[in-house]
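The same subunit A turns up in both complexes below, where it pairs with subunit B and then with subunit C.
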Partner chain A sequence: MTNKDRLRRTMLYVPGSNPGMIADSMIYGADSIMFDLEDSISLKEKDTARHLVYEALKQLDFGEVELVCRVNGLDTPYGERDIEAMVAAGIHVIRLPKTETVQDVKAVEILIEQYEKKYGLETGSIKMMAAVESALGIMNAHEIAHASKRLVGIAIGAEDYVTNLKTTRSASGIELIYARSQLLNAARSAGIAALDTVFSDVEDIENFDNEVRLIKQLGFDGKSVINPRQIPIVHEIFTPTEHEVTHAQAVIEAIKEAEAKGLGVISLKGKMIDKPIVDRAIRIIELKKASR
Partner chain B sequence: MNRIHGKMIKPYKGPFDGVGKVTSSLREAIQRADLKDGMTISFHHHFREGDYIINTVMDQIAELGIKNLTIIPSSLGKVHEPLIGHIESGVVREIHTSGLRGKLAEFVSDGKLGTPLIIRSHGGRARAIEAGEVKIDVAFLAAPRSDKMGNASGNGKYTQCGSLGYAIVDAKYADTVILITDDLCDYPNIKPSITQDLVDSVVVLDSIGDPNGIASGATRFTKNPKELKIAEYAANTIMSLPLYKTGFSFQTGSGGSSLAVTRYLKENMKLNDIKASFALGGITQPMVELLEEGFVGCLYDVQSFDLTSTASIAKNENHIEISASQYANPSNKGCMASMLDFVILSALEIDTDFNVNVMTGSDGVIMGASGGHCDTAASAKVTIVVAPLYRGRLATVVEKVTSVITPGNTVDIFVTERGIAVNPRRKDLLEILEKTTLPLVTMDDLLEKVDRLVGKPVPIEFEERIVAKIEYRDGSIIDTIRQRKNTL
Partner chain C sequence: MEIVKSSSAGTLDSCDIQIRIETNEIGTNEIYLKSVVEMQFGDQIKSLISGVLDKHNLKGVTVNAVDRGALDCTIKARVESAVMRALGREILEDWSVIHHDK
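Showing the complex of A and B:
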């Protein structure tokens, strides 16, 4: 199931051409699974991957996890067929690659709606996510984030982006600071999720850990992961501390008490509690629940 | 046979002066042992796939024209494929072993060994030998180092296998013991695994084994996320049970998930200041690390799997060699396995009654080893079997296992990547685990899941002929393996 506000700490990349990985994708506790039909699939496997993901979605029990599919662009012979198959299979979210303009989002939305009708699905039931992977996309991030009611989040794809910038990725991520901040603000202005890019070196736990801490502090909802071993690291970093949980519970208690007494102004230990503090407390409790 | 109370009669030939144990050749040693048609000979499998001894000895025996032998190695590997020739030429008539692999296993599964193979567990083999159910006429025991009197040990100049646990039983109970080494050291070889009072002859060969096949290098922890998931669940299961406290004991197999359990346990032991009293069985590097870092008091080693453990047993006095009998014989006055709290075991198949098969593949062909599986399962207070729900397209969870090695009433918990099933017999464990967040399921749930994933397999067809008998550790026949049907 999916909605705008669900947890998206981790999105596990699964190549659509690998049946073993698809069949096991749900056992690692990722919040979302993203089946890839795009860059990780060679040209000669485009059709088999699409069929495989379609069958998997029809046959397997994925439980409560959010199911996302990265389709090929509409500028390829595969894009529309991918969208049709995924809508027919009842995917939760279709993820657009290399989004640069509002038009990119609109074009996909039209096709989704067309196939929702064809396969008897409620209009708007299938959500979208846009990956921004170029300087143009980053500059248009705000418009992209607001381009469709179907959008539940936008993501940054850093590998293409840094190439476009004429640089490379570094351990500190200094080259991504602008893009990450821009994307995050665009997402928040539209009230949707902001998702960070993959970290490709599975063996480099230390720098992965640092990067997850950085993007959490920036405000991202979560990160795409390419190996199940990265999942517990992200979840641990996103799990609130005991202190944060205790405080959040106290905030919620204080609100309940104030509401019961009909008080307008609420305070906890002498500090005023306003809406942002309450919102934060609710999110911390949700994160804590999810981390169990 | 000229025997009194089961012992071969050796007429008195004057006081033994200790001279002349070292023979000029393997041939001379065999002749001196008076090996005859129809006798029983034994070997150990401490050299695993690096073993040169069985093939060398059998070739020599064949050359001498001796026939109809029963061979009882503690186990056999792919490297022993040349035994096929000796079976076909009538040198070998009967085989008793723990494991069988490769072409030889297929040969036996095809019904080409005249007498059914006898499969015994490590504890069951020691028991059968000590009870006199099998009488070893001549034991051919390779040792990486020996002196001229036969004081033999597991670490030599050219080869290292650490513990000689399986060989110790043979040395004690065989009528004639021929020690074979490639490193004849000065007398005395101190702290031997096999002592001179048990050895008749010492043979020196140029090479007794391939070090690369005997012990693996560094044991690497698995990076397979599925194996890690299973290990994490298994470790969390252990940590949820009251037996997990300072002084607990455990054994793990050498498979990917089993080894990774040790890593997860270690993290938790560190965090909660818990120390184990002993670890048992086949010893690997992760166990040695636990010992060296003070997380376990001592290691009881019947078989050293890698170079870290072969080195450790030689230098660390708390890394202790034990014989197969001390390890797992159910009929002696108390084997170490009976003191185990936890054992982590693997499975090729497990059925809804928790019976485990580690012997035959999904095609019904022999491919594995009984090992200490049923011994430790019967002995440990909590027996945990770990395995993926399926491998490739083959289900691990089945309605009925192809062959039973370990009966389900000795298996307590089955851990897969898709949930943990507790044997309904262990209501006590279930009650505790239900209070945790661990994903508990039933065997029926798992069977349904795997059927949905890989489909229901067509039952394997067998011929009527029995090609192997599986002996349980107490000597009873727990199952048989039938000849595979030739579907060509």
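Showing the complex of A and C:
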């Protein structure tokens, strides 16, 4: 199942054309699995990938992991069939590629609703995620994030974005600072998740580690990963330290104690505790639980 | 239904199955299977393939399958793809024909 608030530290990319990777995808502990029908699939295999992902969703047990499918755009002959197949299979989240406008989101939403009715699913049960991969999409990120109640998150796709900017990706990520910040604020203003882009060089652990620390500090919920080896690195960085957990537990206890005594103003070790501190404490406890 | 062309789907990679479909002259369906698990699962794999052919009311087709340890879901998917291609419907297929509850 899925909802707006679940943990999304890692979203593992799985090409929809590879039955071995699909079958193994649930064993690596990613919070979400994203089956790709778009860029990683050649035009000649769009139909077979769609069948593979459909049958896998119908027959395999993926446990509690969130299941996402990146469909082809509606400007291709494949987009609508992808959406129909994924709705029929009961995917949790449909991820739109290359989202640039509110209309892109609305057009997919209409089709999802149409196929929910056709296949007897509750209206609104299939969620959406929008990937923003261009300067226009970044400029419209706020409107995109608010475009549908089905949206559980928005993500940045950096490879297409930096090409659109006429630059390349660097180790520091300086070229993505504006886009990441814009996307993050758009997501937070809509109360949905913000997901960071992939890091393509699976051998470069040092720079991957640096990038994960950067996006965590910026405020992202998590990151798309292209190799299972990247998952434990992200999870470790997103796992709170013992000090953070101890403090969070103390905050929660102080709140409970104050509520029991009917106190309006709450303090811990002489420092006032207000709502943002409580919200952060709850988030830390959730992250700690998820890391077990 | 009648197939309009020979077709194939799938690869010879591990965990996959390659399916080739063509018409035959005898009017009934024939399935030839090579599999690394033929002794244990040969009948089950043929039954899965046969089930998809029956669902599409196909008669008089020969299926050549080379299995590399594919799961049931992969077998069904590859046969569905090969059938749709053989029917010439791989682009504008009606998904409700393929959709099943289990």
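To be clear about the criterion, the second predicted complex is superposed on the first by the 292 of 292 C-alpha atoms of A that agree within 3 Å, B and C clash if a C-alpha of one lies under 4 Å from a C-alpha of the other, contacts with A are read in each partner's own complex, and residues count from 1 in each chain.
Heads up, the rule we're going with is that contacts are C-beta pairs under 8 Å (C-beta built on N, C-alpha and C of every residue); 3 or more make two chains touch, one makes a residue touch a chain.
Everything quoted here is computed from the prediction, not taken from an experiment.
> When the two structures are overlaid on chain A, which partner does A:Phe208 contact: first (subunit B), second (subunit C), both, or neither?
Neither subunit B nor subunit C is touched by A:Phe208.
> With both complexes superposed on chain A, which partner does A:Ala23 reach: first (subunit B), second (subunit C), both or neither?
In the superposition, A:Ala23 touches subunit B and subunit C alike.
> For A:Gln59, decide between first (touching subunit B), second (touching subunit C), both and neither.
In the superposition, A:Gln59 touches subunit B and subunit C alike.
> When the two structures are laid over each other on chain A, which of subunit B and subunit C touches more residues of subunit A?
With both complexes superposed on chain A, more residues of subunit A are touched by C.
> Have a look at where A:Tyr13 lands relative to subunit B and subunit C in the superposition and call it first, second, both or neither.
neither
> Touch test for A:Asn227: subunit B only (first), subunit C only (second), both, or neither?
first
> Could you say whether A:Tyr119 touches subunit B, subunit C, both of them, or neither, answering first, second, both or neither?
In the superposed model, A:Tyr119 contacts subunit C only, not subunit B.
> Is A:Tyr161 contacted by the first partner subunit B, the second partner subunit C, both or neither?
neither
> Check subunit A for residues that touch subunit B in one structure and subunit C in the other, and list them.
Residues common to the subunit A contacts of subunit C and of subunit B are 23, 59-60, listed in rising order.
> Which bits of subunit A are touching subunit C when the two form their complex?
Where subunit A meets subunit C, its residues are 18-20, 22-23, 47-48, 51-52, 54-56, 58-60, 77, 81, 84-85, 88, 118-119.
> Which positions of subunit A touch subunit B when the two form their complex?
23-24, 27-28, 59-61, 227-229, 292
> Quick one: which bits of subunit B touch subunit A in the complex? Just the residue numbers, please.
223, 225-226, 228-229, 417-418, 437, 449, 452-453
> In the complex, go through subunit C and note every residue touching subunit A.
9-10, 13-16, 70-74, 76-78, 80-81, 84-85, 90-93, 95-96, 98-100, 102
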